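Chain nomenclature is as follows: A, B and C, assigned in order of appearance, with residue numbering initiated at 1 for each chain independently.
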Amino acid sequence: MSGQPPPLLAVRDLSKHYPLRTWWGGKGSVFRAVEGVSFDIRPGETLGLVGESGSGKSTIGRAVTMLNPPTSGTIAFEGTDLAKLDAAAMRRMRARMQTVFQDPYAALNPRMSAGDYVAEAFKLHRRAMRGSERREAVAGLFERVGLDPRFMGRYPHQFSGGQRQRICIARAIALKPSFIVADEPIAALDVSIQAQVVNLLQDLQDEMGLSYLFISHDLRMVRYLCHRVAVLWRGRIVELAEADALYADPRHPYTRRLLAAVPVPHPAEERARLAARDIADHDQPPDGPLTEVAPGHWAAMPQGPHA
Amino acid sequence: MTAAMTKLLLDVRDLAVAFDTDGGAVHAVNGVSYTLHEGETMGIVGESGSGKSVHVLAMLGLIPRPPGRVTGGQVLFAGRDLLTLKERELRKVRGGAIGFVFQDPMSSLNPGMTVAAQLIEPLRIHLGLDGRAARARATELLDLVRIPNAASRLDQYPHEFSGGQRQRVMIAIGLSCRPKLLIADEATTALDVTVQAEIVALVQELKRELGMAIIWITHDLGVVAGISDTVQVMYAGRILERGPVDDIFADPRNAYTLGLLRSLPDLSGSRTGRRRLHQIEGAPPDMRHLPPGDPFAPRNAFATPRCRTEMPPLVQATGAAPGHLVAAWYDLPRLLAPEAGR
Amino acid sequence: MSSGSEIARAETAGAEIGILEAVPSGPPAPAILQEPGTLAAFWRRLRARRSAVAGLVIVGLLVLMAALAPWVAPYDPTATDWGNVRGAPSLAHPFGGDEVGRDVLSRIIFGARASLGAGLVSVALAVSLGLPLGMLAGYAGGWIDGAISRLTDALLAIPFLILAIALAAFLGPSLVNAMIAIGLSATSIFIRLTRAQVRAVAAEEFVEAARAMGNPPWRIARVHILPNIVPAILVQATLTIAAAIIAEASLSFLGLGQQPPEPSWGAMLNTAKNFMDEAPWMAIWPGLSIFLAVLAFNLFGDGLRDALDPRQRT
């Protein structure tokens, strides 16, 4: 760990519980959407968060930005404990941490022009900016994300899915944040558009030194884009490692199952992979505490008779 | 596999479909022709607006009319033109000789009916089975799709099944009348990757057991690679390329196919020392204002002037495997040669 | 059921997929960079609905008639003419005369002011009260929502017209009081609609995106939620105007609205009921006017709903 810069985001023991009501409306048990999750994100780093539906990956994305504050645990961002901020201070903090959402159709206000939508960042956080300066800044952002600034007056329905996601990205980088949560940013896009958006995110990171929390179920894209990867299973991290180490040497049975399930776009290999699979409904993998199995490679190693 | 592909099962000729909207007619399918043999699995790849789903729905009379209408073509299934069949006769084909599996297993199952009721219904309608026989067959079907304790789970409701199990139930319904053709439309898109893998493997095995033909519609080239005999690439309501799966992946002749294949990062490609992803520029066309000529031409770096004015016919690609058809005015291998030399 | 719900399901699923794919990039349209502004598209959709256009034209004509009443009415609506007492329709008095010889046509024309005015003013009142209360309930939640919602439920449990009559009786008979009574009675409709709309819009991802950008709550309500609920409110307002016109007529019929000798369609009907045998025209014309105005507002409202929200089309 020596020589490492201090983490940009330090998450410790984060949990998010939802109370389950009994049928007469009383307090029942709790649903543990996320349980005891800890990780760091370093400056300029992309941390991938992978897992299947219901694994809690989006819950974590919303918790670290306090959009849906956690039940317990601490989130330290640029050295500040976010739980200690009041509402106004948290709103100011949002200039430093942004989110790009999954569905660019739902994430844009249908009755706000694309230019106004991006300009909102300045209206809220750069009050002193004049209208003309704001317009110029927005035009610059449009160009930066590959949109024609002449489209600033257009409304969301006049853009394609890929263009809408570019609008969202322009808005997210407007205030030069240090950290962006990208919550399945390409899942709703056409295949031919996904690479465009991934390349854009990559270029912006190189240029601005951004850190990303890249939430995705696309294991190929995660390997391509992320420095380190955390694998979630039922609200817990079961494995966390450098991307290369994780893909080359997965330790947790669930990680192995997940990686083995990814279809390979090569006919002969894919046929061989399919033939080797068994198709029964799987039992859930065993689970234990997270331990360091190799330098920087953490896995929740199974204990007891399964090990 | 090729040995089984003897008898012609489906012959689609020049199918065209349009939708009338406030903003003008959307030409969703523009002259699609292909054949499918008994026991053949064909993967149809395309993105939104490619016409990959619409054209199969249209040939079975499943598009809403209006605003949709079939504007031309023939669909010969086992010798009969489906487009000229009366609704009553078509109903016998749907769910009978042709089974379906749709994308979303939750909304495709009726939440208020037990799985038994939904499985048994087609059996009574199409096969004329009585209650007991139908129930026995329903149990058999749940067994077939590997749902444990089939007999006891028959009387449960859809919400008592997991997402993957619901899709298994949908497959059981699709297979209930021993179809000659199973159409799966983005059948694994809404599922988790591990569940997708199970469903794909299941369909593969069922195919070996039952020998039906499959049309597998998807945007995921990885899934297509493993299960298809042939692959067909669609874009803007047209077929741009079609051929044996190995040949399509190894030797793509249309620039769109090539672009799709190159834009995929693969699991072996490490982050360190990697290059930018290959990206296809531009966006899918506005279906109300399709460009003249090849619809992919505006996004295609290899396009020739002729591509912009005239749609190329789908013909045998020179030097490619037999049955590898491509619609392109340019010769992709020749254009790629200098790149390979570098 | 007997026809095979599996097939019915396949058809609905097919319909959804079909539409989604034909018009690819989600609602409402793909990369249509040629598409003119939203307003132009709205007009095009509205114009495509003939009944809506007919409704709009009739509403326009009625409003014009009311506005220009002193110039288009052939007689003073309160001037009596003993030669025209219960006079049958004639060239001089095309709609006939009433029980004291006033020209029915002129009273219909002037009566439009009371009827349409009551419709517009009472609904304006209902919206200006219901919209803020509904937004407060829907966005603030908690006990504020509980209190407002319970009150709304209680008010909605009383039939609209009964409530209006009770309030008007309490306030005392006059046209202005009738408008207030109708407006207050209709407020609960708008509270409930606004609350439901706000909750639906607040659940949209762009509202979360607005929070992620650091928008304070009041700005989210004003900039991100309000513009998105206006269409639904507008449609409801149009339809409620029709109900308010009937309510005004009913109150006037009961003597709780427009006071004699000033005309209103409801008040005219009230008088006419005593002369149904001798002078049926006294009832027919105001009755027809109410029917026409209500029909026009309803047609226009339905068309407006279709044009503003194509997804709700049946």
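For the reader, a short list of remarks on this structure follows.
The definition used in the following text is that contacts are C-beta pairs under 8 Å (C-beta built on N, C-alpha and C of every residue); 3 or more make two chains touch, one makes a residue touch a chain.
Bear in mind the structure is a predicted one, so any value in this text is a computation, not a measurement.
With chains as nodes and touching pairs as edges, the resulting graph is complete, every pair of chains being joined.
For the pairs B-C and A-C, the larger set of C-beta contacts lies at B-C. Placing every chain at the mean of its C-alpha atoms, the farthest one from chain B is found to be C.
In this assembly, the C-alpha centroid of chain A lies 31 Å from the C-alpha centroid of chain B.
Separating the CA-averaged centres of chain A and chain C is a span of 47 Å. In chain A, the residues that touch at least two other chains are 160-161, 163. Among all residues of chain C, those that touch two or more other chains are 25, 29-33, 35. Across the assembly, chain B contributes 47-48, 283-284 as residues in contact with two or more other chains. Those residues of chain B whose C-beta lies close enough to touch chain C in the complex are 17, 19, 21-23, 26, 28, 47-54, 57-58, 60, 62-64, 68, 91, 94-95, 100, 102-104, 107-110, 113, 118, 121-122, 125, 173, 185, 283-289. The touching residues of chain A, counted against chain B in their complex, run 52-53, 160-163, 190-196, 198-199, 202, 217, 219-221, 223-227, 243-244, 247, 257-271, 273-274, 277-282. Of all residues in chain C, those touching chain A in their complex are 25-33, 35, 37-38, 204-206, 208-216, 219, 223-224, 227-228.
Those residues of chain B that touch chain A in the shared complex are 47-48, 146-148, 163-165, 192-198, 200-202, 204-205, 219-223, 225-228, 245-246, 249, 256, 259-261, 263-267, 269-272, 274, 276-281, 283-284, 299. Across the interface of their complex, chain C is touched by residues 65, 67, 88, 91-95, 98-99, 101-103, 105-112, 120-121, 124-125, 151, 154-155, 157-161, 163, 168, 171 of chain A.
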